[in-house]
Structures are given as structure tokens and as C-alpha cells.
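In what comes next, subunit A is part of two complexes: it sits with subunit B in the first one and with subunit C in the second one.
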Partner chain A sequence: MTEQDIIKMVNEVFADSFEIEKGKLKPEANIFNDLGLDSLDIVDLVVALQKKFGITIRSDERVRNIRTLGDIYQFILIIKKEIGK
Partner chain B sequence: MQLKRVVITGLGAITPLGNSVGELICAIESGKSAVEYIPEWEDTIGLRCKVGAYVRMENEKLIPRQSRRSMGRLSIFAVQAAEQAIKDANIRPEQLTGGRLGCVIGSTMGSAESLAEAFEIMSADKDLSKLPSTKFFQCVSHTAAMNVAQYLGITGYVLATSAACASALQAIGAGFDAIRLGKQDIMLCGGAEGLHPTVVGSFDVLYATSSNYNKEPKKTPRPFDAKRDGLVCGEGSGILVLEDLELARKRGAKIYAEIIGYNSCGNGSHVSESNHQAIVFCIEEALKSAGVNPKDVDYINAHATATIQGDKEEAFAIRQIFQDGVPVSSLKGYLGHTLGASGAIELIASLIMMQKSRIYPTLNLEEPDKDCQGIDHVMKLQDKKINILLKNCFAFGGINAALVCKKEVV
Partner chain C sequence: MRILKIALLNIIFYTLFITFTSIAIPFLGSLVVIFVLLFPKRLALRRLRRAISWYGAVIIRILPFPFVRLRVKDYSNNDVAGPYLFVCNHRAASDPFLLGVLPYECIQVANIWTFRLPVLGFVAKLAGYLSVREIPFEDFFKKTCGLLAEGVCIATFPEGTRSRDKSVGQFHGAIFRVALETKRPIVPICITGNESIPPVGSSILRPGLIKIHLLPAIIWEEYRDFSPFKLKNYVRDIIAKEVVLMDEGK
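This part shows the complex of A and B:
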């Protein structure tokens, strides 16, 4: 899975689960301030990312540090690499 | 303590016959039935009834996602009906948020579709991490009241009645009491229900559903008819604005009717079999609280779902109190049984009958069953001035409710 694949799939989660226009999906977009997610959405984001990528991140403390869409791309990339090892 | 008088100043409805009060009435007046064969229900093993009355949901995306995410079908219906009702009553935004306006909205349970989804997610591999955050809010018993209150910013009373098919009428009764006692000035009251095979199944396992008309869906349900064979489930929401008469007059609100009496009671005898003694008691107490005699009533909107036992008991009770002196009709033949929403949707249609001095007949009633005779069945459109009407609702659990409304507000 390439970085481009990850970006595309994460963006699909935001478009499908949170009905956010694709034009707003930029790496620097803050998921709270720019994309309007709240605490309940973060629960659903974790559920949707787990399903989309076949990963388990619900208890991963690093989720708490996510602020931007770019942070998510990088986080998934790291998780995928960890699984690969 | 001087009790306040309570009037109805706004109506809103999402129904299988249309998503507004106007569409609902237009369909009833043209004798249309919303009941259809549902091919997907063939997939549910053991389900005998294959007919139902779904709402054609529309414009749900006008509700912002962060409000909509906690709503199952019934809450979306309730929000849309509530918006219609507050618009009809000309309620101002500051009234919604002022703490003197509340809501009571009932349903049999939370969203049946969402409950089924939650079970499917959880039972597949018992993995809680797959459960979305808002599923709980769609499943809870107060989901409709909670979602309407959150969406509209209501800061007064927020209550949910849960008494199956009597839920909406109990909600209206609770709102009536809240205003009468001076606790609230305005209440949005009604009920909501979402249709799902599991909902039909709850009646089907008791042989209470219609199963002989799967190929002729428009011929069922058949309230009071000799060939009735059970109820047909529907869905939707009806919301009414109840208001302190003084306030309504002060702001020049349009008044549909005054609520003058209400009662609810248990039958104390059986969870699923209705009982005419308890129905008689419920209606007589409602009439007594309204200060009217049976002969004063101009129209009875029956519960009559077309079950063999329920219709017989209701007809018995009506016969005992009113003999054949008051016109009676049921709207279930048009709409199916909208369950927790039925008391509100059917009351709304009855208020329009009152407004138009016209009684809509019981659709599919061709030959009153011998057990249901001796009352004045309305079998064709009838022009009649209605000053006082009685609305009945009876529910599983042996719960009865009756409401009395009067047009002339003196």
C-alpha cells in the first residue's frame, strides 16, 4: 500500500462517514477546527479507519496526538509499516 | 389551584401517505391506502405478514450531519414533523430555547433498524470496537424526544413516553398535564415509530398480523370487518403543539381545538389481550375529566387495528357507552398501524375532520363483523359538524389511553 493509496482511502472515510467535501480534504486541514469533527466523531473515525485498513488502533495512545488530516496519513503509514515488520 | 386550559395550535406529520398534514389528508380523502407488499420481508424466516406501510423518507440531509448522526428513522421523522408543527403554530426561535417550552415524544422503543444493526455488529464476533459512537443514541427509548429537543434547542421539559401503541396519546396527555399545572407554557407532543421486520415480527409471532392479503395489500387491514385478519404495521411521526390558552390568545395563534379531557389506565388482566371493561373505564374517566356526557361526543376516532380480539373489545366498549349514537371510524385501513405514532397522526387527521366538518370512513370496512355491530360505523364520507371528538389508543401491556378535544373554545 503506497502513501497515495493511504491518502485516497483516508479521504474516502472523511467523505463517506463525515460527508465532508473533497475540496476541503487537504493535509494541513485541522480535523476539529477546519473539518468540524467533535469527540463523538473521533470515536467513529477510529471505527471507520479500523474497518477501512484492517487495523486495531482503538487503544493506541498516538490517536490522541492527531490534529490534522496529514497526521492521520502519517499515523496510518506508521501503523502499516509496524504491521509489515 | 386553577388549572390552565390547553389548546392545540400546530400540527406536523410524516406518514406513509405523505410527508405533510396536507398530503396525508389529500390521500385519505381520495381513499388511498399506503399498504404495500414488501418483497424484502420474504427473507425473514417465519414472518407470515408481507405487507407494510413505509414512509418515503425525503430531505433528511437537510438535517446537519452532526445532528442527524444520533437519529434513526423514527427520530428523523419526529424532527421533520416537529419542524412542521412549530412552523404551523408560528413558534418563535426564542420560545424554543426559553425554558418554558418542552417536548414529550413517545415510541414503542428506540430505532428498530438501529437496534438490529447494533445486534448484528455485536453478535458477529462480539467486538465492541466496531460499534459507532452514536448507535446508542439511536437505540435508546427516548431517542425521538432527545433528538427533537437537541435539534431545536429546547430547554424545557424533555420526556419520552413508552407504551407501545398508546405512546403518542400518552405523550399528548403528559404535555396536557404539564401545561395545565403551569409547569410549561408550550409543549411539542406526539409519537414516532420506525418500521422494520423485527417490529412486524413482534406481532406476527402472536398471530396478530394480517397474512391473508399479501397478494392484495390494499385490502388490508380491515378494521371492524368480518374478513379482517390482523393488523398491518406502518411508521411515521405526528407532532402537535399544545399551548396555554391564555398565551395562545395573547399571541393570536390559530387554535385547532381545546383538549378538555384525558385518561390512561392499565387493564390489570393480560399483556396482549385488550379487555372491554378496562376500555370502558378509560373512556368514561376521560369523558368525566372533560365534563361531558357520551351524548355530547360527535365523533370517535377508534384505535381499531383490525385484530380479531382488539376490534371486538373496542366495539363492545363503544357500544356499552355510546350505543349506536356516535359515528365511529378507524384510519388504520389507510395508514396501517403506525404504532407509537398512531395516536398523534390519527388525532391530527381527526382535528382536520373537525375543521372540515367531515368524517373519513373506515377504509376496507365492507361488512361489519357480528362482534363489532351495534355502533355507528362510518362506511362512506360523511359531512357532520364535530364539536367534541374522542381519540382512543390501546397498547400491548394492557395500556389504554383516551383523549377528548373540543372545537368551540369559549
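This part shows the complex of A and C:
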């Protein structure tokens, strides 16, 4: 899975689960201030990402450091690489 | 002239505020104690919550008059049965007092500083006001659902903090999850004109006109298929649009 695939799939999660316009889905977008997610939405986001990518990230401490959409792309990329090893 | 007006407003308001509070709170407190002793707890709580509304209405309508005037327009659909979930924008510390205009038994979901106010914080706690930052969502959900089932309205400021530039901030979705569960009507409330009554970081009131608009209730049939995220942004957009019109003079 390439980085572009991951970006596309993460954006699909935001579009499908939160109905956020694609124009707003930029790597620098802050998921709280710009996209409007709150702590409860993050739980929904984690569930949707787990389902989309077939991974388990719920108990991963690194989720707490995510602030931007770009952080999510990188996080998923790292997780995928870790699984691939 | 304006400085003189501000000085006069603050001298009069704070003198009356302290005097009124030191008389009203013990008086209303005594009435509530009598109610607790003579009537069921549910009735006593109802009286206490209404007493808080009256107190808030006096504080905001009468004490600062004529320097601060209040104009309330009710566009909400009175045919829709309550209890309601009131969702308000948040610009000033006077917002919780302004909700005294609501003619319903109501509790507010407040920030932690409200409960730290001398006397008023204790009364708020006694009336069942909820400190959203202090309780886990599961407890918040259970308590709010229980209150609505008892017929108590719930008022919230989902921005969580006061706006510093008149814009409507992002909403927290907790109360909208409660709405989806309980199917209760949501009434958006827009408050403008009080951003300087008092401004953030100050206790000095400025003269002005405070406008409160109660918008048409959003009923379950309208939002039943929404996700919590979509619902909170739907309500936020309605409030944000109205607030702009109000700032422009509506």
C-alpha cells in the first residue's frame, strides 16, 4: 500500500463518516479546529480507521499525539510498515 | 461621557448585584429548604431551578437597566412539546444569567468556573447543573437522559469557551448524542450584543443592547438520520448564520 493509497483511504473515512467536503481535507488541516472533530468523534474516527485498514489502533498511545490530517496519514503509514515487518 | 456612563453602570450594577444577591439567595434558599421539608424532592428541585431563572432574569433585565437593555425574540415553535435541548452560542460570562428568560424548568451544562463562584456555584450544584469537564461522558449521558425523562430542559454552550472574535467556534458533540438518543427537540439560541457585558478577561460592564433569538425547534423527524457530527454542525451553521444577521442589525 502506497502513501497515496493511504491518503485516499483516510480521506474516504472523513468523507463517509463525517461528511466533510473533500476541499477541506488537506494535510495541514487541524482535525479539531479546522475539521471540527471533538473527543467523542475521535472514538468514531478510530473505529472507522480500524475497519478501513484492518488494524488495531484503539490502545495505541500515539493516537493522542495526532493533531492534523497529515499526522493521521503518517501514523497509518507507520502502523502499516510495522505490520509488514 | 461614555466613560462616565460606564462608571455609573458599574457602580449601580455591582452595588445592586451584591445587595440583591445577599438578600435573594438566603431568601430563596430558605424557601427551598421549606419546600424540601414539606414537599417531595422533585417538586423542591423544580422550585429551586425556577428560582435560579428568576434570579438570573432580575440580574440581567432589571439591575443594569437602562444602560443594558434586553430584546428577546422567540421564533421557536411553541407547538413542539418539550422538554427541550437549548443550544446557545457563547460570548460572555453573562450568558448563563441570560438564560433566565427561558420560562421552563431548566438546568445548564456549565464550565467548571461556574461551580467555583461563591454561593452561586453551590446553588448551581444543588440544582443539578452539570460540570461537563468533571464528569465522564457516560455519566453525563446518563444524567442528561434522566433529566429529560423527568421533563427538565437542558441548556448548553457547546463551544465550551467564550468566543473572542464574535465567530461561533467548533461545537462539542456530547449534547447532540443525547438528542439522538432521547429524540428531544433542539432549540438553537443566539445571543449577541453582550460580548462587552463583560468582555472576556474583564468584569467591567459596557452599556449596550443584548439580543436573544430563540430559533425554531429542530425536531427528531428532521435530524433522525444525522450522525452526531452532522447534527452538531447542522445546528452550529444555523446559529452562526443567525448570529451574523443579528450583528448586522436583525
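What we mean here is this: the second predicted complex is superposed on the first by the 85 of 85 C-alpha atoms of A that agree within 3 Å, B and C clash if a C-alpha of one lies under 4 Å from a C-alpha of the other, contacts with A are read in each partner's own complex, and residues count from 1 in each chain.
Here is the rule we use: a residue touches a chain if its C-beta (ideal position, glycine included) is under 8 Å from a C-beta of that chain, and two chains touch if they have at least 3 such contacts.
The structure presented is a predicted model; accordingly, all values stated were derived computationally and were not measured.
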First (subunit B), second (subunit C), both or neither touched by A:Asn33: second
Contacts of A:Glu19 with subunit B and subunit C, given as first, second, both or neither: both
Partner chain in contact with A:Thr56 - subunit B first, subunit C second, else both or neither: first
Which of subunit B and subunit C A:Val47 touches, first, second, both or neither: first
Contacts on subunit A seen with subunit B and repeated with subunit C across the two complexes: 18-19, 36, 38, 40-41, 44
Residue ranges of subunit C touching subunit A (in the complex, touch as defined): 137, 170-174, 177, 227-230, 232-233, 236
Subunit B partner contacts - residues on subunit A that touch it in the complex: 18-19, 36, 38, 40-41, 43-44, 46-47, 50-51, 56, 58
For the subunit B and subunit A complex, residues of the former touching the latter: 61, 65-66, 69, 129-134
Subunit C-facing residues of subunit A, complex: 17-19, 32-33, 36-41, 44
